[in-house]
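Report on the following structure.
All chains are identified by letter, namely A, B, C and D, in their written order; residue positions are counted from 1 within each chain.
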Amino acid sequence: MLNRFGTLFTFTSWGESHGPAIGCVVDGCPSLIALSEADIQPYLDKRRPAQSKYTTQRKEPDEVQILSGVFEGQTTGHPISLIIHNQDQKSKDYGEIKDKFRPGHADYTYMQKYGIRDYRGGGRSSARETAMRVAAGAIARKILNYSPLNLPPEGGEATALAGAQGGIQIRAALVQLGKHHVNRENWDWAEVNNNPFFCPDAKAAELWADYLDDIRKSGSSVGAVIEVVAEGVPVGLGEPVYGKLDSKLAEAMMSINAVKGVEIGEGFAAAALRGEDNADAMRMQGGEVHFRGNKAGGIAGGISTGQPVVVRFAVKPTSSILTQVDTVDKVGENTSIRTKGRHDPCVGIRAVPVGEAMMACVLADAMLMQRARKIS
Amino acid sequence: MLNRFGTLFTFTSWGESHGPAIGCVVDGCPSLIALSEADIQPYLDKRRPAQSKYTTQRKEPDEVQILSGVFEGQTTGHPISLIIHNQDQKSKDYGEIKDKFRPGHADYTYMQKYGIRDYRGGGRSSARETAMRVAAGAIARKILNYSPLNLPPEGGEATALAGAQGGIQIRAALVQLGKHHVNRENWDWAEVNNNPFFCPDAKAAELWADYLDDIRKSGSSVGAVIEVVAEGVPVGLGEPVYGKLDSKLAEAMMSINAVKGVEIGEGFAAAALRGEDNADAMRMQGGEVHFRGNKAGGIAGGISTGQPVVVRFAVKPTSSILTQVDTVDKVGENTSIRTKGRHDPCVGIRAVPVGEAMMACVLADAMLMQRARKIS
Amino acid sequence: MLNRFGTLFTFTSWGESHGPAIGCVVDGCPSLIALSEADIQPYLDKRRPAQSKYTTQRKEPDEVQILSGVFEGQTTGHPISLIIHNQDQKSKDYGEIKDKFRPGHADYTYMQKYGIRDYRGGGRSSARETAMRVAAGAIARKILNYSPLNLPPEGGEATALAGAQGGIQIRAALVQLGKHHVNRENWDWAEVNNNPFFCPDAKAAELWADYLDDIRKSGSSVGAVIEVVAEGVPVGLGEPVYGKLDSKLAEAMMSINAVKGVEIGEGFAAAALRGEDNADAMRMQGGEVHFRGNKAGGIAGGISTGQPVVVRFAVKPTSSILTQVDTVDKVGENTSIRTKGRHDPCVGIRAVPVGEAMMACVLADAMLMQRARKIS
Amino acid sequence: MLNRFGTLFTFTSWGESHGPAIGCVVDGCPSLIALSEADIQPYLDKRRPAQSKYTTQRKEPDEVQILSGVFEGQTTGHPISLIIHNQDQKSKDYGEIKDKFRPGHADYTYMQKYGIRDYRGGGRSSARETAMRVAAGAIARKILNYSPLNLPPEGGEATALAGAQGGIQIRAALVQLGKHHVNRENWDWAEVNNNPFFCPDAKAAELWADYLDDIRKSGSSVGAVIEVVAEGVPVGLGEPVYGKLDSKLAEAMMSINAVKGVEIGEGFAAAALRGEDNADAMRMQGGEVHFRGNKAGGIAGGISTGQPVVVRFAVKPTSSILTQVDTVDKVGENTSIRTKGRHDPCVGIRAVPVGEAMMACVLADAMLMQRARKIS
């Protein structure tokens, strides 16, 4: 709760957009896992702003530093403190929003809840906090691919299965940008890193480039839907009744800034289906249970089935836009606001690595929980 | 986690579908709240099966009994133990599913996770557990309407504001049954209790009656979408970053049996909007802040805005259907199953009071949290 | 917190001294553990009142019933609900204490904290609650003796190691009754069940019989010190820094009614020692690490060393005595009170099985935690 | 749990003795509290090493820096990140202990639990961690003296009651050094800061100076007992049954490095008393309840009575001594060790401000909990 996420694998994040630094403390990571900044930085780089014209032009190298919990290259089982020093804090940009409440932001609610707010860049409510989710998620991935629950074939080594060749692989993609959906027949995971949208459909990505460029130039913004898929998840993760894997994923994804909806597998579309069309029939195949479909998104009764875990979440359009919007100020006067400055025309893009990270954290937590429960 | 919900206002549920009883322990309820079984029973009655041909014909009076925590008609601040004795446990019905895994149910995942399962009526995975959510929710409602944060006009009484006349009012309705949506122009809360679907659109309800009758007779099932609205919620509830009100609501709703999606306010539709169309402009009105729209669903930055809190969740079609579906059995043989017995053609209907209850529990918990934080 | 104990192995207790029943919900117990009422009842019998003239004459059979979480004789991994119906609720005894605050009891503090109190037998503050600790502790013992951390010799069975022949053995004894200590040279665990004091020193027990008889007849009471010893605890249990095994034991023991002090190993006496006298030197012996002493009480740095874990706790004299004591009543008038009725001349005696139970619960919780952390 | 302390007012500490820094994240502090480094530093200075010849000569300025959660001099309600950069990390000192397990330290248990240990200065097990407790405690004190539960007389200001003039005052003193106790008749709180032992008895302090000098010169060490007293605590703090104020204090104090025993009020001495001698009689005085004694240490039924809360804890002698002690090394060979380097001849001295800090944290947490519960 509050600024901590997780039960056994936990992280507590801290820091404001325009404070000296942001950071988090990862607590509950098992020992003997090889870890250095090099394991974390690539994921932060993926989320880093200003990599294309479609994300905010704030320049932040986002270089992470490990301050504790690692000794001679391995985790010690003690808290891992991570820190990123803020660089590009253009506080001068924030003169106008000092006294006005930006609609769609946390300005008004923070002021009402706390009686005080750090207005510089949104303070604590800034999506800058998600950098620490990504950092924690990188550590979670190490746990997921180092688990006795995922034993390699006989003779193999239990250590450090590469994400791509074994263990649990977590990937995400943008499947909707504003009104435009990807064509699932064109889905190619390899394309995701070939365009600035994390789009798995090369053709759609081309179309999106023009579409978002128009929106960006007009000072507007648009929403998006992200799909996160975890493959290689063993059967048995998740705790009924109030620790269901889908429940924890919903909590995790909805806690990301600007997210307004979460669905698992068939999701909202399942409401329109009949029972026989929604059933994932089962068959033995090579001595193992196989499913004929994955309408369930890899979760039944709150517990992973062994199929890919599939989650989608919707991100609203960036609230900071150039259009003038009516609002009020802190002394209770009517006014209006248009947000200049450096913003993402679609915050959904940079939410892709964040969604992956939250999936990793939820799964790592569930895996530690399951270990604890397993008698034999 | 596990079988406990909440942080300060908590309940821990227990019991299996065909065990001797189900129950829960509500821990964290403030003292001096008038409480008796009569405060809880009406909500349980609303959820009770066999009230129409559209829900399971299992006969369960679901009479709740308070075993502790109430003295001379008032809560004492100590745990409130609630129990409902099971009556209609037709265990003979469950011969076939003893050895086969029903697709869409928790049969296979429970077996894999625990190495054992109580197959009688789904055991712990039965939606019967939701009765205890409804019971706990009834107590949460008492807290919500007895809060110093919702003071009555001067000279008024701080106690027991009736839901309808003041305080926080929580209501839910079925807004989609299978492929059929309500027409929001026909929305009338008063209609919700006039039809067996909790449908706020009288015309739609008529149509649904025939539609669901056909599905029921054919032994099939269908999904649904439920909308839960809480009015009178004060500004300031919810804790950033990992205790956001929307995050907690998503967790809560997704933990209800058969739920596959959750959205707040505009939800998934927000992804297709542009920033200026999604903005809830603000204006002073009579000395108070008013919003021109509620695309946000009453939550900004994870904190309630003072507007109605609006949540929708999607329920998949009942997995128990008469159609033969391929599956496997516990010794790893291929087989198939058709579920006879007494089932709901649309479990979404009985999820309506459950959704209300979870909203009440989340809000009560958030309200106690906010009290703790408020210095002045 | 509140009425729940533990992190992974948890129980939530409920019920008042003179309500219809008391109970608890054990949540987090692994599946596949053989369990029936017969595993729990013997421990409750040990704690049961009225077994000698030295404990309260209240007649309570304390028959426990399992309401959930066990199927065909084995735990299912789901919550285990336990209930004991109250039998001998002589409410008429409580006329006088209805309005007066008994010094040393929770009467005054409960009234101030909650604004209401169930005065019948102390309500929730009654030591009757400890019956549920004993019941939960019986389940914890099953976990402790069914752990992969305690593997049997090759070819043996991993299941249900008897407490006495292997696994973790937890025993407690009264080592001080009022001013009288046991002579540790006479210590014989077998004697503990041969006298009504759980005294390991047969000679001391004889002396104590006369001593406590005098106190009982004079309507007075006396305190006691209990020592709890857990043998067979593997090295590595306990979590630094705020989940240290000694810290959790201190919390657990201090939460027992009437306890005023807790110490580990040498305890308070260690303050008077010099470093060289307090050191537990180590030596290899048969390929294993052995300690020359156990001043540390089996815990170093908050983590079990593999030696016996030794805890002592002090119980104050029963506050309910026949001597008139000055007090105030609930309308703020001076008055006095002498407590008639059925009370223990030394509540420390019945605290012996309670101390054992809390040790078992702390260790079971720590063992599940350690499983979760262990990568290899 | 793990490295986090508290429920509503929490802090998570991190860092090793010889890493780049140590720190903590305080989460749950209410907003609008005036806070700067100057509020924290004086308490750190009190704990700082090398202030006399009786504590370790390691030179650490222990300058704390606030990295988040404070804006324009006030807390914002968001996490407060505190950091202290390590200065004097003489890693060369630690050659010998790299491979040997120091008896009485966490060396052996950490190695067994985690399979790895940062041997430099004890790594995470170093008492250096307690600096962060002291820092968090300084913030807790601000909460305690800013509480609506402690309203000033009418017309007064609710803000920032100075510790000495009102609100809750927390003080601690060394009451036993090795075999030597203070004479309580000489108790003078003003003396505590006049000697290097935090001793309230000026005469005893003189004696102790010679006594501890001898011990120090001989390379030995000795234990101590610390008494912590909180005055001005309102009635009603603490949560039965598993969140009792005494239970939480026992957990908190026992979690401090080297602590082996905790007692409340009369503590272990209560075991030898008769009921009538242990009763704290009550009397109305000036319209308020007064107690004739405080054998209970300010807590009844786990809840504060309004009297001073009195806790004592025993610290074992420093394990690092010059005397050769038998031990084993990490490859399982017999060896022996004598610890050179800079150590405290009595770690109990520097535990005095740590005990105060833990008292403050427990009380602040309990106060926030009580606010949440209070309906009216």
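Points to keep in mind about this one:
The rule we apply is simple: a contact is a pair of C-beta atoms (placed from the backbone, for glycine too) under 8 Å apart; a residue touches a chain by one contact, two chains touch by 3 or more.
Computed from a prediction, not measured in an experiment: that's the story for all the values here.
Looking at A-C and B-C side by side, the one with more C-beta contacts is B-C. Farthest from subunit B, judged by the mean position of CA atoms in each chain, is D. The geometric centre of subunit A is 27 Å away from that of subunit B, both derived from CA atoms. With centres defined as mean CA coordinates, subunit C is found 45 Å away from subunit A. As a whole-number value, the distance joining the C-alpha centres of subunit B and subunit C reads 39 Å. Among the residues of subunit D, those in touch with two or more other chains are 2-4, 13, 28, 31-32, 77-78, 113, 115, 124, 240, 373, 376.
Subunit B meets subunit C in the complex at residues 2-4, 10, 12-16, 19-23, 25, 27-28, 31-32, 67-69, 71-72, 74-81, 113-118, 123-124.
Note for the complex: subunit A touches subunit B at residues 1-5, 7, 13, 101, 103-110, 112-113, 115, 124-125, 129, 176, 178-179, 215, 220-225, 235-236, 238-244, 246-255, 259-268, 270-284, 287, 289, 292, 295-297, 300-306, 314-321, 323, 325-328, 332-334, 348, 370, 373, 376.
Contact residues of subunit B toward subunit D in the complex are 8, 28, 30-33, 77-78, 146-148, 158, 240, 368-369, 371-376.
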